[in-house]
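You will see chain A twice below: alongside chain B first, and alongside chain C after that.
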Partner chain A sequence: MPEVAKNTVAFRGGGFVPGTRRWAPWLAFLVIIACWETASQLRWLPALFMPAPSEVVQALHALLVDGKLVAHIVASLKRIVSGWILGSLAGITLGFMMGIFVLARSVGLPIVSALFPIPKIALLPLFILWFGIGEPSKVATIALGVFFPTVVSAFSAVDNVPRNLIRMAQSFGLSTRMIVFKVILPGAMPGILAGFRISSSIALILVVAAEMIGADTGIGAFVLAAGNLMQIDQLIGGVVLLSLLGLGVSALLSIAEKIVLRWR
Partner chain B sequence: MLKRTLRLAALFALVLLMPGLAFAQPKEKVTISALPFISTAPIFIAKERGYFDAEGIDLDIKIFNAAQAVAVAVASGDADFGITAFTGGFFNLAGKGALKVIAAQSREEPGYNFVAYVASKKAYEAGFRSPKDFAGKSVAITTVGSSFHYNLGMLADKYNFKLDSVQMKPVQSIPNMMAALSGGQVDATILPANNALKLEEDGTGKIIGWVHEHTLWQLGALFASSKIVKEKRPLVERFVRAYQKGLADYAAAFLAKDSQGNRMIGEKALALMPALEKWVQPKPSIDTVKIAANYMDPQGRLLVKNIYDQVAWNQAQGMVDKSVKAEDFIDLSFVKGHFDVPKK
Partner chain C sequence: MQVVLEDVGYAYGDLPVLEGVGFAVAEGETAVLIGPSGCGKSTLLNLIGGLLPQQTGRISTLGTPPAGCLNPLTFVFQDFALLPWRSVAGNVALALEHHRLGRAEQQARIAEVLKLCGLSDFADALPKQLSGGMRQRVGIARAIAVKPAVMLMDEPLSALDAQTRELLMEDLISIWARERTTTLYVTHNLNEAVRLADQVVVLSRRPGRIKRIVSIPVPVAERMKPEHAALVKNLHDELWSLIKAEAQVADREMQHA
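This part shows the complex of A and B:
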């Protein structure tokens, strides 16, 4: 009997299981900010190069008090949301067509590949001439930035819908329309939502570029002006606002994923 | 060939004139941050003509593409000196005690066209003919706190209109400002002479006045890091001497006027072209220099009170911190005879 016991192997599985600790991210943020504040208070970080977190909070608070903060956020959100919706709708439509129709794919793929890498910021003077310096040029900058990654993610999401599911639907005699809406659309949803995570971040990044042109309100315009005036506390404050917005959008998308992907 | 022989002869004469001096002490390495514009010409001239070498300074010129970067380079210690235009950002940096203004660069001077108010063709035809009428117009500027913004602020104060009534459109760069005006997106803009004339040539804009006809002010300055001013005063004095020689050559070549008050640009200007061609971007021709060469005090004297005014104006707009005091970042001791020094 003892021989058998000697040969038993201890359980080696376990670990490597994805999961989350709710307190961990908060603690990490807290530690980083505390270290930063301490370094500033002890003057290890020169005030000229890096303001203390408390100064950033003060700058944001001053902005909140005189009402400009809300105006900046509202102005930027309008541009981000409308640009993102426009870009996403156009992107998903084209991506789906490229995923389903051979001709659309053969024509669309090279065109998208050719236009995707063009830096939108380099085209700003052109955008001024095309769209003016009002809202249209800002929304267009964001929409164009969102459009290309959405096309790519929608196209590959449709492409990755298992063929056997489509074949099965066909053998049950479903119409093409039904197949697109009942099989391909839900099947492509995970890929599209993953694309949304990327495109929403791109929209946030591009709001700064979009507001380079003729904007006096908006988080991007605020960050740019603070940079030009070397008001570093406000500059960091604006950047913090952008990352808070990013966190908010990410949380919203998680909720959307839970609802839309319930079928999984 | 002849040129080179002459230059060699000049060099030889210089060596003879200063026996041993230049060789006795090793030259001190000094860095200046600057923009590749005509407004930096005195530095380029002094460098190419060996005025810095004669003062025992081995000058390294670091070229940047924005006024902001020039000031930041000095504040961060990457450069010892800097030369550029005043901006809100400059005053905020200076207020932190990192740099000291020591001599003048460009200023608006009567009779020297430098920066123009430009109306779009449409606004001009609709009756926008004078800089007094900026109220209610949309105007493209580079950025909030830029010199163009301040130009409008001075007009508003002088002609009693509210700056708030002007719709300021920050578009980041001069090419964007020109595009906004040509495309009819704004009623007006404010541009340096060569850009303004280009728009008039294209027929998309109309010059309705020059800044020097309305408001005189100090556009920019030579400044040094506070550290070098404190620790190496004699070096700064030598630097300013070489800079003043460059300024004097520049003034003689580009700022002279004949008896009718027309600017004369001749032999002396041509002689300076190689130095400018080497440093100024885009590469200038004598014709572009004729238009772009702006007024600089031949001795580097500042309009001191105007700098105080600029700081106060920026503070009133909420763009510069209230704690910034002009007297703390201007050092008047390196150049004699500054203008309108406020009494303490």
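This part shows the complex of A and C:
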């Protein structure tokens, strides 16, 4: 038999695999905070303008103990939750109408497109004139800010429900109402939940902005006051709180997605 | 129930799709519709099932639906049309929930059709967990759960591989033998046509007109017996010769469109 070259086939399909390392983000956070703390301790950062993480934690702790912080958080949360719920309910309702009824779509789409780009915080002064300086003007600003992106996401979520499922339901004699609740609503859920991510971050931005303009409670007011008094440790503490709040909301939404969208 | 079409025509805007289509399907019989792509087969089925408004001619049913029938004209879809968020049993339930059935009867009907379609072990599975063949079995189970008078099937097996198609054809034959449902069945597959049809309706290319109606004298259940092999082969050839030229032209048309 003639000599034949025999080579083992080499593997060349490595890398480019999507994946995550669970510990990596925690480690990154730790490294950043450690660098920051070290820089402060070594006085590379001006203590007056950029306090150390440990000082921020102390400031937050002190505020937590005397109860002021909780009051601010509760005030902000109340505004966010009520504004977000109002805006979402109204937005989903209109978005569904636009997705289902041709007339609602032809009327609603141009109006929504025209009003969507207005930065809603610009309307706060108007709402203060209408509703007074109290809670309603802030809640209205948040609700309006949440309303428009929710309309758009609910509308396109309804629009994306496969037509063949709707036809199937019709072919089995389901009424329009039943089709809305049994086919369109669950079918639009992924899009609606994705919209919640956007609208909840908008609510967070607007609550801070509104509280900076006219409030003496809430995280926004707290951050502004801390800045005016040059209490930078408290100011950064407030910002950290906002970040935690955002993360918390996002975690809640992830849980909701896991439960509601198990079928995907 | 019998289905009668008289001089049926349909146009999408100014695109005529069907012209002067007339035939009847007797109770318990299966009519298979074949014809080149785009000749209006799906349109015709949707007209019969009331998913499109009738334009010209007349489509009617004769006779009364069987006892316990909840939805006389019932579709089985090419893409299965299952709700991905509902389990197998839930998908069948969708067809029943809005009728006054009572929980016990509803459960009984679901259990019965799942058993009939070999799905009993998958009642709680989600569609995404099933193979294509099993998904279409759910589509068929959902259809027979309402005890239809007429089944409208638009290429029900065309999304499946050849072996699965073979298995499902056998299932369909035994279901029809049991329920004696009148059936209109659209396909591109001449094999399915000669296996399943009592009557093959051959349509011309668009606008679809009836080119030929071929009745098959051998009962569906006996079709595969060796003594009928020659007849089946001849039928297949006859249908292919009717379709071939049209299909070629239609094929070119689609590419130019």
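Everything that follows uses one rule, which is that the second predicted complex is superposed on the first by the 241 of 264 C-alpha atoms of A that agree within 3 Å, B and C clash if a C-alpha of one lies under 4 Å from a C-alpha of the other, contacts with A are read in each partner's own complex, and residues count from 1 in each chain.
Assume a residue touches a chain if its C-beta (ideal position, glycine included) is under 8 Å from a C-beta of that chain, and two chains touch if they have at least 3 such contacts.
Just so we're clear, the structure is a prediction, and the values are computed from it rather than from any experiment.
**Student:** A:168 contacts which: chain B (first), chain C (second), both, neither?
**Tutor:** second
**Student:** I'd like to know which partner A:48 touches here: chain B for first, chain C for second, both or neither.
**Tutor:** The first partner, chain B, only.
**Student:** A:229 contacts which: chain B (first), chain C (second), both, neither?
**Tutor:** Touch partner of A:229: chain B, not chain C.
**Student:** In the superposed arrangement, which partner chain does A:215 touch: chain B (first), chain C (second), both, or neither?
**Tutor:** first
**Student:** Pick one for A:129: touches chain B only (first), chain C only (second), both, or neither.
**Tutor:** first
**Student:** So in the superposed three-chain picture, is A:109 touching just chain B, just chain C, both, or none of them (first/second/both/neither)?
**Tutor:** neither
**Student:** By the touch definition at the top of the document, which applies to A:85: first (chain B), second (chain C), both, or neither?
**Tutor:** neither
**Student:** Mind sorting out which residues of chain A both chain B and chain C touch, each in its own complex?
**Tutor:** On chain A, the chain B and chain C contacts do not overlap at all.
**Student:** Tell me, which parts of chain A touch chain C in their complex?
**Tutor:** The contact residues of chain A facing chain C are 164-165, 167-175, 178, 182-183, 186-187, 189, 263-264.
**Student:** Can you check the complex and tell me which residues of chain C touch chain A?
**Tutor:** Against chain A, the touching part of chain C is residues 49-51, 70-71, 73-75, 77, 79, 81, 83-86, 94-95, 97-98, 126, 128, 142, 146.
**Student:** In the complex of these two chains, what residues of chain A are touching chain B?
**Tutor:** Counting only chain A, the residues touching chain B are 47-49, 124-125, 128-129, 132-134, 212-216, 221, 224-225, 227-231.
**Student:** How about chain B: which of its residues touch chain A in the complex?
**Tutor:** 68, 71-72, 75-76, 87-90, 92-93, 96, 98, 140, 143-146, 168-172, 175-176, 179-180, 182-183, 185-186, 319-321
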